[in-house]
Amino acid sequence: MKVHNDYMTVHTKQKREFQNITPSLKLAMEKSGIRDGLILLCALHVNAAVFVNDEEPGLLQDVDEWLEKMAPPRDDYKHGTKFESGANTHLQSLLAHHQVLVPIAAGKLELGPWQQVIYAELDGQRPKRILIQVMGE
Amino acid sequence: MKVHNDYMTVHTKQKREFQNITPSLKLAMEKSGIRDGLILLCALHVNAAVFVNDEEPGLLQDVDEWLEKMAPPRDDYKHGTKFESGANTHLQSLLAHHQVLVPIAAGKLELGPWQQVIYAELDGQRPKRILIQVMGE
Amino acid sequence: MKVHNDYMTVHTKQKREFQNITPSLKLAMEKSGIRDGLILLCALHVNAAVFVNDEEPGLLQDVDEWLEKMAPPRDDYKHGTKFESGANTHLQSLLAHHQVLVPIAAGKLELGPWQQVIYAELDGQRPKRILIQVMGE
């Protein structure tokens, strides 16, 4: 079995921003030479998320607003304002998840017709690291 | 390391329906010959979910109602009505997750006493594909 | 490829309790001799969760309260009171997730600067089992 680790850095212009990063996964898969296996994608931050869903811009806006509604910014979190990011971004990272797996079959990312890999920046405007770990044969 | 991919298709009678698909995972594991490793289970759709929990019918009804409460159908989503599925099913897929891992140890699915693998159809009455990827030795 | 399975048991003093179990994962990795791969961590229970985030005590209290708010104890769940755990703990396990992956790169857990592995006991005061499955080379 081969393990191939790639790291990518995202530096968004907006504080919150959603990006389709599927092309970066394809590139990592091609560099790895792995044709059957999986990719483990991990945001290396507690205030970001990665998920697989439709990349339609209206939907991504819905996801953004839904996350803020489910875990809104508040003044009374115990994880107070002295910390870098508000507790709401941590809770949203928990909700949308900081990691996702993408299967590889016969040299292709095995995604459904509407599935794309989305990076959700919840507290950006600074460099954030993502690990793309490709494993398989 | 071996990688064995199986695909199953679910076509539910109801629009929303929850099914215990653990037997399909066992079958895929047996076909693969893999005795130590893991199964990556992925719904290849943006309006379905898979998760591990109790299969008690009352609980599955609670999960269904809870998902609808957490991300209800609404008229004002940006992802409008011209699309195939409502934004609520996408958000629910995000919440309950479209993928899950099941460890394999000594030729058995390593699940706790109350853990079963559940497929949650959120917009059914048509064929939906699921990937069962078995990896290991 | 090697697969190394470790099991740990947690028995909390409190009904609900959050613990940083990152040291147990490091230990399992060292015992396995695996230097490149991943750890699949699974709570073998339907009323517990594991996740990766900051271990700051105020934040863990926020997570605990947020889970209870998102899926509160209620009398009208279909999964009634005759069962061992309330439906709320099942829903919270679904929300915070019963499993997580930790990549291993060059003999180290690949976690971001603020990322720790947290076990969330949602119905404790009794022994609960966790599988630490290390896979790789």
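Labels A, B and C are assigned to the chains in the order they are written; within every chain, residues are numbered from 1.
Note that in this section a residue touches a chain if its C-beta (ideal position, glycine included) is under 8 Å from a C-beta of that chain, and two chains touch if they have at least 3 such contacts.
Not measured: the values here are computed from a predicted model.
Asks: What angle of turn lays chain A on top of chain C when you fit their CA atoms, given in steps of 5 degrees?
Replies: It works out to 120 degrees.
Asks: Over half of the interface residue numbers used by both chain B and chain C, so same, or under half, so different?
Replies: Mostly different residues.
Asks: Where the CA atoms of chain B average out and where those of chain C average out, how many Å apart are those spots?
Replies: For chain B versus chain C, the centre distance works out to 20 Å.
Asks: Touching at least two other chains at once: which residues of chain A meet that condition?
Replies: Answer for chain A, listing residues that touch two or more other chains: 1, 70, 95, 97, 101.
Asks: Applying the document's contact rule, which stretches of chain B touch chain C when the two form their complex?
Replies: Within the complex, chain B contacts chain C at residues 1, 36-38, 51-54, 56-59, 61-63, 66, 70, 95-97, 100-101, 103, 105, 110-115, 136-137.
Asks: Show me the residue ranges of chain C that touch chain B in the complex, using the header's touch definition.
Replies: 1, 3, 5, 40, 42-46, 70-71, 77-80, 83, 87, 90-91, 93-95, 97-99, 101, 129, 131, 133, 135
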